[in-house]
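Okay, handing you the structure first.
Chain lettering (A, B, C, D, E and F) follows the sequence in which the chains are written, and residue indices restart at 1 in each chain.
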Amino acid sequence: MDKKRRALYPGTFDPVTNGHLDILKRASPLFSEIIVAVGKNPSKSTLFSLEERIDLLKKSVAHDKFQCPIQILPFSGLIVEFARDNKITTLIRGLRAVSDFDYELQMALMNRKQVSDIETVFLMPDEKYIYLSSSLVKTIGRFKGDLKNFLPEPVVEAFHKKF
Amino acid sequence: MDKKRRALYPGTFDPVTNGHLDILKRASPLFSEIIVAVGKNPSKSTLFSLEERIDLLKKSVAHDKFQCPIQILPFSGLIVEFARDNKITTLIRGLRAVSDFDYELQMALMNRKQVSDIETVFLMPDEKYIYLSSSLVKTIGRFKGDLKNFLPEPVVEAFHKKF
Amino acid sequence: MDKKRRALYPGTFDPVTNGHLDILKRASPLFSEIIVAVGKNPSKSTLFSLEERIDLLKKSVAHDKFQCPIQILPFSGLIVEFARDNKITTLIRGLRAVSDFDYELQMALMNRKQVSDIETVFLMPDEKYIYLSSSLVKTIGRFKGDLKNFLPEPVVEAFHKKF
Amino acid sequence: MDKKRRALYPGTFDPVTNGHLDILKRASPLFSEIIVAVGKNPSKSTLFSLEERIDLLKKSVAHDKFQCPIQILPFSGLIVEFARDNKITTLIRGLRAVSDFDYELQMALMNRKQVSDIETVFLMPDEKYIYLSSSLVKTIGRFKGDLKNFLPEPVVEAFHKKF
Amino acid sequence: MDKKRRALYPGTFDPVTNGHLDILKRASPLFSEIIVAVGKNPSKSTLFSLEERIDLLKKSVAHDKFQCPIQILPFSGLIVEFARDNKITTLIRGLRAVSDFDYELQMALMNRKQVSDIETVFLMPDEKYIYLSSSLVKTIGRFKGDLKNFLPEPVVEAFHKKF
Amino acid sequence: MDKKRRALYPGTFDPVTNGHLDILKRASPLFSEIIVAVGKNPSKSTLFSLEERIDLLKKSVAHDKFQCPIQILPFSGLIVEFARDNKITTLIRGLRAVSDFDYELQMALMNRKQVSDIETVFLMPDEKYIYLSSSLVKTIGRFKGDLKNFLPEPVVEAFHKKF
């Protein structure tokens, strides 16, 4: 009856950043439950394995307070089908710079064409995360730069172990 | 207790277009009530008076079905204060072309700086409304162009009476 | 039978710049005739009157060589109706910076919705005109700056007379 | 004598989408013949082989009606040289989202610098294709999503065979 | 001999914001002196008079520390001529959102065409000012919203006196 | 005491183009020395080796006149650390099309977060280089297209030897 109150926050989360957590925090009062869907994308190689990415998300979410329960689940295939299987019709996405915006609109429209009642809700992160991206973070991590401003603590530690 | 379930959809609505109604329809399952806040902007001259804009919204909304109650109210001053007075912390905005995007982000950030728990939720209209704007519609209306694809019926009639 | 070979190049041309002439030159081998349609926009105040703008276009076009005949005509109302009255279905527009792009797509889509067989053909000016605009040119002219790089000679003279 | 009436529509077409066909249809009344030039790009791996891409284009074009003859040809090397060899000076390109726009302008300017009389004509697809891309379509196809809205029938079948 | 070490920071400054001061602070170690040139634009009506705008700048600059002397001067006419008269060839501009970027490039190119050795140096404000604009600030000020995060103290006071 | 007068111009320079040299020339009157820092990026494969890229830069810079000494150095790791090791706090970047702009802002902000007194100074190339990129140049070079307009002579020769 209240099906739209659950939402899906899909992504690769390689790794989760403070920007992702900020979006989750902003979304949490709007929904009764948020499922963070971590993509198992076989065609894209990731720095962290699916298990590691889920684990880092779980640890990072545990550190913080949210206004609704957060569940972390893996998914493969199309997000619209994962949504349908979980009876969810709302996707959450963060909006950042312009290039992002185009890609996000493209995805949202394609998703809507696949499953007509799928709706994407866009939220804006704090401006201090507006230019933060997982790929930049990985470059900095590789060269042992300072990541404390960008990443939750469990992810900072994971970088230290990895490099 | 469930304060974030009510939302505010602010704008000038000079006049309301099918794009606005599309956003309202997409937002309606997410909230328990939406207040459409029609701006009484003394420094911007409008084609339709505040009363006319509210009246056209009421008639247009009555024609359609929404998954939550829609209320139409005038506001003057700052939207964040109107939101606070109404105990609402969620604003709804439609996202369209790029120039829009910048302006919307700017507004959302400024609003957030005024009242820290104000959150703006962005929705994307159907792609057939993605390049629709009230100002283009007014130009076409002025020259008696065909407005049926862009405007709800009560607004088409209002244009016919006006020109 | 060959109706699409005639094209319309609409604009305000307040005043015509070297960028406009560059677009005309690039479009001229593609068409058998181009009608430059000069807008008589009552709601927008112009620096040059409609008669002056047409006169400056005629003089500027006469200075140059084009691969098809160029006709200069005034129009008022909607460009799609002017096109229909002249049995033309192709509009020409120059593409410049990003903000432009959005507006142009918006116009092109709105025009297409009014008259379904209207097609807009976009051409790119020489990169030296990619950031040139009539409004910047007017600011410079007002303060007696150097306009030779931006404007055809008859327009430079018109500025000298005016200020 | 009428050399500019033939045009080249270059691309990778991996695979051809309804967006490409829409552009072809809109371009067809403007030209006496359009050559679709299918790139054999050795440095970019494609989902469909050159032969398959040409075959799918031929079948898709055969399904539809165009206002001028359409020829499908492979090309390798630089498009400006292929154009010169075929005595064609007009390229056709579709315009979509903003990122696209930048890339297209860049290409058009570089082509013009290589061969000074090469002109690129940009057309806008129907807004329902404005966010459609071959790469998104491939992702959906890989996961057996529904492609009927995005692809011509022969391409939908080719996806079914492939996955 | 060291002529490029002096720079000009032109603008309307109606009123000066924390974003402007942030740019000034970032530019100050790069130059031996910066002249803030406050435009007396007769065709644009301003909220604060030229005298008020200069006064607010002087007071705001006095509150802060800069790594080079800052001078506040009025100018009318074209900035390139004001620069030439002051034997300065470097302009400073802040870069913010995308629409800004286009306009700034356009201005910089036009200025360079007027006076070939004029160079514009762009700096990026702190991300907390990236979406701040004088016009939004005026809207908020008009409705007595909270301006402390956006404006230097003397400007906040000026708003209180005005409204 | 005058530490900010030295600047760093980082990049991959695979290969150096006329656009890069144009930026260097515009930056040279602003600084007492510019270090061009050529990235040795192990995760990105380049057409020219690090030695070749440095060699081509040295030869290209030798051909031209600059208003300050130019030094060419390799770097690996994070540019902010290379800057700190060289006691430099100013980075130079060229600004081109929009996609560029986003990426550049992102980089500049991330760099600033790593080392708080790092400042990025953006310059705009001549408009004839505004759509020039190393990757497009490589595509053209691979197919033996004409590169004289885009590249310094030593780089044109290097392409001839390579292909």
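Heads up, the rule we're going with is that a contact is a pair of C-beta atoms (placed from the backbone, for glycine too) under 8 Å apart; a residue touches a chain by one contact, two chains touch by 3 or more.
Everything numeric here is computed off the predicted structure, so don't read it as measured data.
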{"item": "Shared chain contacts [chain B and chain F, defined touch]", "value": "A, C, D, E"}
{"item": "Rotation in the CA alignment of chain E with chain F, degrees, nearest 5", "value": "180"}
{"item": "Maximum centroid distance from chain D, chain identifier (CA atoms)", "value": "E"}
{"item": "Contact-richer chain pair [B-C vs C-F]", "value": "B-C"}
{"item": "Distance-maximising chain from chain F - centres being C-alpha averages", "value": "B"}
{"item": "Chain C and chain E, separation of their C-alpha mean positions in angstrom", "value": "34"}
{"item": "Centre distance in Å when chain B and chain D are each reduced to the mean of their C-alpha atoms", "value": "39"}
{"item": "Approximate Å spacing (C-alpha centroids) for the pair chain D, chain E", "value": "47"}
{"item": "Two or more partner chains touched - positions in chain B", "value": "98-99, 102, 105, 109, 127, 131"}
{"item": "Chain pairs in mutual contact under the definition given at the outset", "value": "A-B, A-D, A-E, A-F, B-C, B-D, B-E, C-D, C-E, C-F, D-F, E-F"}
{"item": "In the complex with chain B, residue positions of chain D that touch it", "value": "98, 127-128, 130-131"}
{"item": "Residues of chain D that touch chain C when the two form their complex", "value": "4, 26, 29-30, 89-90, 95, 98, 101-102, 105, 108-109, 119-124, 127"}
{"item": "Complex interface listing, chain A residues touching chain D", "value": "43, 77-78, 80-81, 98-99, 102-103, 105-107, 109-110, 113-114"}
{"item": "Residue ranges of chain A in contact with chain F within the complex", "value": "97-99, 131-133, 136, 140, 142-143, 145-146, 149-150"}
